[in-house]
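I have a structure here, written as structure tokens, and I will follow up with some questions on it.
All chains are identified by letter, namely A, B and C, in their written order; residue positions are counted from 1 within each chain.
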Amino acid sequence: MMRKRIRYGVTAAALAGVMLAATACGGTTRGDDSGEGSGGGAQGEADPDAEIPEGLAISFLPKQLNNPYMTYANSGGQEAVEELAGEFKEVGPSEANASSQVSYINTLSQQGSDAIVIAANDPDAVCGALNQARQAGSVVVSYDSDTNPDCRDVFINQATAEEIARVQVEMVAEQIGGEGEIAFLSATPNATNQNTWLELMEEELAKDEYADIEVVDTVYGNDDDQKSFNEMQALLQSHPDLAGVVAPTTVGLAAAARYLSGSDYKGEVVLTGLGTPNQMQEYVEDGTVEEFALWDPKDMGYLAGYAAASLSAGRITGAEGETFEAGRLGDYEIGANGEVVLGPPTVFNADNIDEYDF
Amino acid sequence: MGPEVGTAPKAAASPGADTRSALRRLAGTRETSVIGALVVAVLAASLLVEGFASGRNAGFLILDIATIALIALPMTLIVITGEIDLSVASTLGLTSAVMGQLWVMGLPLETIVPLCVLLGVVLGAVNGLLVTVAGLPSLAVTIGTMAMYRGLAYVVLGDRAVADFPFEWTGGATARLPGTDLPWVVLLIAVLAVVFGVVLHATPVGRSLFAIGSNDEATRFSGISVAWTKLWLFVASGAVAGLAGVFWTLQYGSARADNAFGLELSVVAAVLLGGVSIFGGKGALPGVLAGVLLLGVIRNALSLADVSSDVLSIVTGVLLVVSVVLPTTITRLRERRPRPAPS
Amino acid sequence: MSTTRNPDSTGSPGTAAATGSPAGAAATAPRPRGGGDARAGRRVRQVRELGILLALVLLIAVTTAVNPGFLAAQSVRDLLLGATLLTILAVGQSLVLITRNVDLSVGSVMGLSAFAVGTLFVAFPGLPTPVAALAGVAVGTVCGVVNGVLVAAARVPALVVTLGTLYMFRGIDFWWASGRQINAADMPDGFLGLGRVTLLGVPLPAVVALLVVLAAGWYLRNYRSGRELYAVGSEPQAARLSGIPVDRRVFAPFVVNGALAGLAGVLYAARFGTLDATVGTGMELEVVAAAVVGGVAIFGGSGTVYGAALGALLLSTIDAALPMLRVDSFWQQAVVGLLILVSIGLDRLLAVRTARRLRGGGSRGA
């Protein structure tokens, strides 16, 4: 009975397949050029002397709440908004995913927020909601992780990719004494930021001054603590002559440092990369890691706050070449694609690590 | 999963008490209390929360719960037969990943969409065959396929996101019905809800689902093909999850392997909150829809009122526990009073 | 979700009691009757556990052949440390599963306990390690009591209750942490050292996990109340009628499981040093998976904690071995999913075989 029915089912499925193949001609395919939706970009004229009104509602939407890095960045945002006598608000999902960010964007739009400052979990998934919010009158600033440029006015870039790549190469080259095998411990194989940095680091290493340094491997810890830990372990065992490891991700660097500090390789293998002072303090103090780099997220949030207020007041529109004043950080100019660069990365070591809290 | 065997309500014996007990039964059912709670929540939110009572907000709310509502429909039927499908969110993720990959390979969307639903059917059938033919417990099977389908989604698309779907399709997914603030997906939910509702509550097949849930073996002897019925339910669940995968991908304009990660627990929570017994045999579709809406309304109202998402998590948990503890306790107290319980 | 009423289409055939190590019947009925079943059941159990052990050995052998570094002392220590948390949680979960219940809140409980320990150290920097550890276990125990009361006293389905408390405990954790993170520098070296101390070359946490496994195994095998857990799990009504205090036997595993999740939280804090409110998120299904791979039946009455521990060890080894084998890490989850399906399929096959053999031997049928 059952078997017969299954045979009918298979036949039906095969028929459906044939019919599908028949419809395959003449549909919407990837090559088709379709008109984009409500595009972004600068609109209207900027008035550099416009007054920033009091009581602007500026809302920060981090990748997730309860993430110390984001909390610290938003404390800078709060500082800026309070200096401008605006209303600061921080909302967000407890887990970093794009779909829940969308519902928070909708809520902010419904509440009539003047400015939305967002660190996007997915550059495209938040786009539709952001454009709807902009149509409803909000301005949008992205920080930390950009959205598709079509759906925001300004992006606060924490540091240029070239700077980040250069500082990491400098650190590792100096610590291994200019020669030897090095490897990379990255986030995920498709993480946009990390891949850009890896590429630029390879370019930097191709220069003559780094001719004696050889990159032997690149592994991925998926920004998962345990996985990064395992990858670091595998790396050291597969390459006995390894002199240094660069981890351009905070999760990866902390996990790698934890592995190194409890292993026989401590002091033998150099470890550096991007990390947060609080996570790395222990390993800098016990000598596992000499120095590492990152930008100051608090300044990034502060700058985003000023950019949002300036946009909302009409001082800037997000067009290239416009300048605005950002409180204690001074003046900033908007670059190509609506990007504002915060500045060169900060290098942390035993001398300055106590001054930061994130 | 508890040691207790469900205490089915005894049919009223005396003829006079018939209408009265029917009324009481209606007032006392889980689904009526959920619908009541929903009405209260909507009224309270409209009065107390600024910006809640507007068409625009209703549109946002419906888009938020659309996926859960869709998947909850077949899930209700599955739980009523005493089974469960935890692989739905992974099915959604795998469908989304395949959709992205096929799009990159250059297939037209008109072909991709039906293929994705078909993929959902296949994935559902795998669950169904493992449960019916191999005779394995659905809880364990679908925990296994949950991991496997999600894993395959990563194998297909890795960590990439495919996001260059044409605007007519992505914008179309969230488009509003002409003249209203309601997204068109509300029609899709309504149609499917009517289909599943009629099957469950107005056909012999539906009655057999309740029968299977309350006593599988007796049903088997009564001539209903238990295995066949369950297989169909898992196939339906897979198909709807596949459809939801297409909708999700277009709604957010982004095909990713981790789409809807963890959504299975939200769906199960909504179904249970809606009054479906986890032991099977009891439940109703209107209650489940009210459960889905109730969670959506609370989430939306709290976030408009600037209440942090931490509280939301606590509220969801408390609601779920209270919704089962309260009726069970009341039933036990009531039973204890008139006659000595036969333990 | 099916219950006893459904012997054929689920994996819990009537003979499930016989496949658990000491048969449920043996706990209450005079021994001779259940003796034959129990012996056959034990053999099946042993075959099953040997199977996992074999898979484990095979995996280690292949990985070592590809990458000899896999069996270096450091690597083995790391592997054992990695398996510790999952093993402890799997043992607790098995106790609950055996009574035909489930605890989905373990990940949240572990996170809450870990954060509690961290917060204690921030508030009282000089706190002695044992006091902090006890506090973490106590937090877990309280959570376990909440689950246990709701399931056993209010007689509410465990799946629903613990799904609810999963959200509740996690919400409390988020609310408490409110964006804070506790770092290694906030905790004393003595406490963090717990993760690095070794006993005869074996890391201390792994020793603790081993003790937990042995203690639970000893209890289930040699104590009347332990064997009664199987009876409750295979046939709750019959267990009640035969005078077993079912509610208490259901309650206790939840409390023990909560305490073990608390212990796991303490060990997590000591080992990782970085704590925020997301610790242990999504751990619950991994734990259930480890137990199921280890042969603990999801519908109760069958399985041992040794099997669950082996299951946990196997899953952890897969995690550690795939990068060594240079297998694309994207395959990892798919492999684990397949393993779960194979495991429950195998269980079903063995159960059917045993049932057939028992029937042939003139024992009571299914």
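Methods note: a residue touches a chain if its C-beta (ideal position, glycine included) is under 8 Å from a C-beta of that chain, and two chains touch if they have at least 3 such contacts.
Chain by chain, the UniProt names read as follows: A = Rhamnose ABC transporter substrate-binding protein.
Given the structure is predicted, the values throughout are model-derived calculations rather than measurements.
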Farthest chain relative to chain B (centres taken as mean CA coordinates): A
Among all chain pairs, the one with the most C-beta contacts: B-C
Between chain A and chain C, centroid-to-centroid distance (C-alpha), Å: 37
Geometric centre distance via CA averages, chain C-chain B, whole Å: 29
Touching two or more other chains - residues of chain C: 174, 178
Per-residue overlap in chain B, given as positions that touch at least 2 other chains: 158, 227, 262, 308-310, 313
Shared interface positions of chain A, touching two or more other chains: 65-66, 94-95
Residues of chain C touching chain B in the complex: 1-12, 99-102, 150-151, 154-161, 163-172, 174-175, 178, 232, 236-237, 239-240, 246-247, 250, 282, 285, 288-289, 292, 298-299, 328, 330-338, 340-341, 344-345, 348
Chain B residues within the chain C interface of the complex: 1-5, 79, 82-84, 86, 130-132, 134-141, 143-152, 154-155, 158, 215-217, 220, 226-227, 230, 262, 265, 268-269, 272, 277-280, 308-321, 324-325, 328-329, 332, 343
For the chain C and chain A complex, residues of the former touching the latter: 67, 69-70, 72, 74-75, 78, 82, 174, 177-181, 183-185, 195-196, 272-274, 276-278, 281, 319-320, 323-324, 329
Chain C partner contacts - residues on chain A that touch it in the complex: 65-68, 70-71, 94-95, 219-220, 222, 225-227, 229-231, 233-234, 237-238, 254, 258-259, 262-264, 278-279, 281-282, 285
In the complex with chain A, residue positions of chain B that touch it: 50-51, 54, 56-57, 60, 63-64, 103-104, 106-111, 114-115, 118, 121, 133, 158-161, 163-164, 166-171, 174, 225, 227-228, 248, 252-254, 256, 258-262, 299-300, 303-304, 306, 308-310, 313
